[in-house]
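In the two complexes that follow, chain A is the common piece, with chain B as its partner first and chain C second.
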Partner chain A sequence: MTEQTVDRPFTSATDPAQAELRARFKGSLHHAVLVFLLFLTFFPFFIAILTSLKSFQQLLVNFWLPAFPLQLQNYVMAWNEIYRSIINSSLVSLGAVTGVLLCASLAAYAFARIDFAWRDAAYYLVLSLLMIPGVLTLIGRYLLIVEFGLMNSLWGLILPYIAGGLAFAVFLLTGFFSDLPEELFEAARMDGGTELQMYRMIALPLSRPIMAIVGLLTFLSTWGDYVWPLLVLRSKDKFTLMLGLAKFTGNSQVMFGPLMAGYVIASIPTAIIIILMMRTFAGAALVGAFK
Partner chain B sequence: MWKRVRKTWPGYLFISPAGLLITVFSYIAIIFSLYISFYQYDIISEARPFEGLENYTRALSDKLVRISFRNTFIYVIVIVPSITIISLMLAVLGNQVRRGRALFRTVFFIPTITPIVVTSMLWVWLYEPTGGINKLLEMINIEGPNWLFNPATALPAIMIMTIWGAVGYYMIIFLAGLAEIPEVFYEAAKVDGAGRWHTFWSITIPLLRNSLIFAFVTLTIAAFQVFTQVFIMTQGGPMNSTQTVQMVVYHYAFQRFEMGYASAISWLLFGVIFFFSALQLKLFISRELY
Partner chain C sequence: MSVQTADAGLDSKLWSGRRRVLRRNLTAFLFLLPTFLFLAIFMYQPTLNVIYHTFFRWDGFSVERFVGFKNYITMVNDPNMHIATRNLGWFFLGWMLQRISPFLVAELVFNLKRERSKYWYRTLFVLPMVVPFLVTIMIWKFIYNPLPTIGVLNRMLGSFGLESWQTAWLSEPSLVILALLLVSFPWISGWPFLIFYAGLQQIPNEVLDASVMDGCNVWQRMVRIDIPLVITSIQLVAIQTMIGIIQDFAFVLIMTAGGPAKASLVPGLLLFMAAFRGDQMGYGATIGVTMFIAIFILTLLSFRYTTSPFARTRRTRET
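Entry: the complex of A and B
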């Protein structure tokens, strides 16, 4: 910060009343800009929610305002169409989150706290995957899934998802485990505790917040993924929610109400997550960037 | 050596599940795709002749590939600076909000966290000739185009949707970065009589450097691989005006089953991404800002 010399004469208003007025004007201008941007951001969702409660006739008559009676049966229709795919998506995301958390925390514990031969080399092999864009693994993974007979199976999604999420999870968790003070482990080691016990009794309980972040990121990326289900799943009873929604859209050209209801339902899990975890998530973004 | 292995064997046990999955689904997958990029490889036929660099030279003269690279470059050049600037602006504005901070952040974050499939399908509906966007434009007396069916507006329409969907995430990154800047710097600047604009350029920007690098590099890598929104909104049309590299890879690999050729195209894309990320990192890191 060497450049902080005065290279500008005093420009601030000398009259305090005038300065106050100017500050207020600036403040309200800021607010106006923000409110406008908030409107632009929320507008698509606003329209979707409104439309999800209208029949086609109500939509034709009135695009912008809510219409009564509210068409709650749109939601029933949408639910019947996609509930099966919601179950599939939940299974896939649950499997991927569990797999990533388990494999990554074990590996990260070893990288951070066990001094084995070739440890650093192995760690860098994992880390270097952070630099590899998805486009390189797409075709190879697809051919492997075909080879393993996992086509049209939910495992064909879960396994690549776990592999894809591991690099970042290992990276975050290794950082966290290495920062834990050695004294925590010293006592357990004296009592003859095994590495597995120390992992389970000491490292895991302490890492709950960061595990929540890793789980959350994995959930978001797998819940919303479209490419893998598109490639791997063939029969309708296996479809994930994103695939089911796309199919639903294709089937119903004029049923905007149920369609929008479907979009709203599909957004609920992620919406709940932001409301509950906004603060944690800001932390996650930060950790992801700089840890 | 053996003594050490005997004492530290749990280490290998602990990394084995992750190691196995990564080896198979990342390293073997990558090597496999490099291998088949030198072959004429499809799933169906058994004959898979070696072709050397044939797939690569074919890609360089393939008109569809050239169009897709051009579109992708345009997309990257527009998207990356726009998202960075808009989200930075939102963060700086949002930082000054006193009441309703949580609401402000949450609303801007909703598009980011909503699955891209949902936002894409929602915007397809909004972009209809008499859809929400054009109705909104009508209010200020602008006659909106048929967004997704006009070659001139289809790619911009996808870019607008993507910018809308991404700024919230980077706003959070920048807000986190802003929170780390000590208040003293601003107070010092105020005492020195520095104006707002000057303060922004000589304090905020240099001290947000890490966040800016992160935003630029991750955005560039993601933007080069754009796929889902294009696949849902336009399928590459009209008249290939939204054809992106990843779309073309998908087309050759999974619609025409020319896996070897598609792999070659994806390695070309990787080369481009690698070149640009390395360039960005070099530019950013070599320049001492403070």
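Entry: the complex of A and C
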């Protein structure tokens, strides 16, 4: 629409048929560029999926196209190799998400809705953590985990993950809670509601979209972490998915089929969660969060 | 007598008021308690502990000897640190361009005529985000595989008859940084694209209509209207990228572990090696604190030297 009207002043001298042709050509060039970029974006993933269905021999002979029979046992092998680490990763991420949402929503409610002494100072104390890079605290956190005897334990991941996600979560949720209309709380206060009741009955139910976003961000960052599990976890039955995949990559010298099958399996949980979120309320809010 | 009762009344009112404040403070304190417990144990304590120990020769456990600024002096003179910093410079440039470049693609999609095609391109471009980043880079490791029959890139060159170009991409000191920068080409999928697109959608329709009325073409509109109006999104992405680039080393650790022969070493990886593979916790802490200071300064600078969108548009109007 816009392009046509933009072009009109410059093309008014030529006959309309030619202008139409030019607009069409421009339009298809536009699409061609985008489709080419899409192709490049998806190419590695196509190759990974293709390779996941081939044996090593099939890969050597027929690299670019699907080879038959499809080697579905690659997926069985990969599953046996990483299912344990998928369970571990799920436990860790769920623990971290629950902890972050619970603590951060309580704190954010206090910052946004209760007028207490040193409120601003306490808030800035939390926000200042956004400036601290994770790599700086890496050594200190490691020593704590050793001291607490949490080495090679999933708690050694969950507890620092909760702490690491809190600052940003408090920041987002405080902003959201402050924007809730004061009348709601005023009415509840008239009826003698305590702060805890107002938090549970008013603030929490109204903040489901933003809670979903905070949960999603926490989930993705903990699910995809590699360095911290590498430091904390020692035995294979405790490995998280990323750690398990990295070890699997190191161990399978020529078993590219099962390896790629492992990569595909590893992408399924995140895919399901993201697509569910996009389809529901959070999708709309997700765009709104980055005004 | 009467005065005294009035006084007592006032006193009790004051007292009840003070009790209310006290109650409120106590409630807030209980609400904040879990958060601050976590932060105190796992954030504040480790941070202070690490900063304190930059002045020590320290292995984290038994050895702990005060050495003053020796760690900082060692770091400034450490040839590994020089290499790592130079490499980081290249990564910084490359990744900054990478993360800003989706703006052009966002413009391409945004300028499509039909809402339906906009929707589909947008969805498809962000779809690969469902694949965890680590999995993506492991797939790219497969693409760069040195074997001429297995590595996707080598195989591709082979089928174009360019066998002489086949190489071990990640083991060639002169190529390794370029190869790492090209990972996940064309770099569209991800947050920057979403943020830029959301930014473009925020531009008021009247502004776009006015630009059409004034007969400005797509290119002029992008430079004169879109970029100034979404500069906050661009700044947001730039700062996030900067912080990420300076500290993240998982990518390099998995792809090359800093190799071949330190050709892709970065400061974060040097910290990791010193602290966890070399028992030099004090030295690792020093690198960490330096990275923190660098991030802090760069963030402040980037806030200082980017004007707000309104100031920018005002200036455009005047000229």
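Heads up, the rule we're going with is that the second predicted complex is superposed on the first by the 260 of 291 C-alpha atoms of A that agree within 3 Å, B and C clash if a C-alpha of one lies under 4 Å from a C-alpha of the other, contacts with A are read in each partner's own complex, and residues count from 1 in each chain.
The rule we apply is simple: a residue touches a chain if its C-beta (ideal position, glycine included) is under 8 Å from a C-beta of that chain, and two chains touch if they have at least 3 such contacts.
Computed from a predicted structure; not experimentally measured.
K.L.:
Label the relationship between chain B and chain C on chain A in the superposed model as either fit or clash.
P.N.:
After superposition on chain A, which the two structures share, chain B runs into chain C.
K.L.:
Tell me which partner A:112 touches in the superposition: chain B (first), chain C (second), both or neither.
P.N.:
Neither partner.
K.L.:
Should A:37 be classified as contacting the first partner (chain B), the second (chain C), both, or neither?
P.N.:
both
K.L.:
Under the stated touch criterion, which partner chain does A:78 make contact with: chain B (first), chain C (second), both, or neither?
P.N.:
A:78 sits against neither chain B nor chain C.
K.L.:
Tell me the contact category for A:255 with respect to chain B and chain C: first, second, both or neither.
P.N.:
The answer is neither, since A:255 touches no partner chain.
K.L.:
Which partner does A:60 reach: the first (chain B), the second (chain C), both, or neither?
P.N.:
second
K.L.:
For chain A, give the residues common to its interface with chain B and its interface with chain C.
P.N.:
1-3, 5-6, 9, 27, 30-31, 33-34, 37-38, 40-42, 44-45, 47-48, 63-64, 99, 102-104, 106-107, 109-110, 114-117, 119, 122, 126, 129, 131-144, 146, 159-160, 162-164, 166-167, 170, 194-196, 199, 220, 223-224, 226-227, 231, 242, 245-246, 249, 256, 259-260, 263, 266-267, 270-271, 274-275, 286, 290
K.L.:
Mind listing the chain C positions that touch chain A in their complex?
P.N.:
So the residues of chain C in touch with chain A come to 21, 24-25, 27-29, 31-32, 34-36, 38-39, 41-43, 45-47, 49-50, 60, 105, 108-109, 111-113, 117, 121, 124-125, 128-136, 138-143, 149-150, 152, 155, 159, 184-186, 188-189, 194-195, 198-199, 201-202, 208, 212, 215-218, 233, 236, 243, 246-250, 253-254, 268, 271-272, 275-276, 281, 284-285, 288-289, 291-292, 295-296, 299.
K.L.:
Along chain A, where are the residues that touch chain B in the complex?
P.N.:
Touch residues, chain A against chain B: 1-6, 8-12, 27, 30-31, 33-34, 37-38, 40-45, 47-48, 63-64, 99, 102-104, 106-107, 109-111, 114-117, 119, 122, 125-126, 129, 131-144, 146, 159-160, 162-164, 166-167, 170, 194-196, 199, 220, 223-224, 226-227, 230-231, 242, 245-246, 249, 256, 259-260, 263, 266-267, 270-271, 273-275, 278, 281-283, 285-286, 289-290.
K.L.:
Can you name the residues of chain A that touch chain C in the complex?
P.N.:
Answer in residue numbers: 1-3, 5-6, 9, 27, 30-31, 33-34, 37-38, 40-42, 44-45, 47-48, 51, 59-60, 63-64, 99, 102-104, 106-107, 109-110, 114-117, 119, 122, 126, 129, 131-144, 146, 159-160, 162-164, 166-167, 170, 194-196, 199, 220, 223-227, 231, 242, 245-246, 249, 256, 259-260, 263, 266-267, 270-271, 274-275, 286-287, 290-291.
K.L.:
Taking the touch rule as given, give the residues of chain B at its contact with chain A in the complex, in rising order.
P.N.:
Touching chain A: residues 1, 4-5, 8-12, 14-15, 17-19, 21-22, 24-33, 36, 43, 90, 93-94, 96-97, 102, 104-111, 113-119, 121-123, 125-126, 132, 135-136, 164, 168-169, 172-173, 175-177, 185, 188-189, 192-195, 198, 202-203, 210-211, 214, 221, 224-225, 227-228, 231-232, 245-246, 249, 253-254, 259, 262-263, 266-267, 269-270, 273, 277, 290 of chain B.
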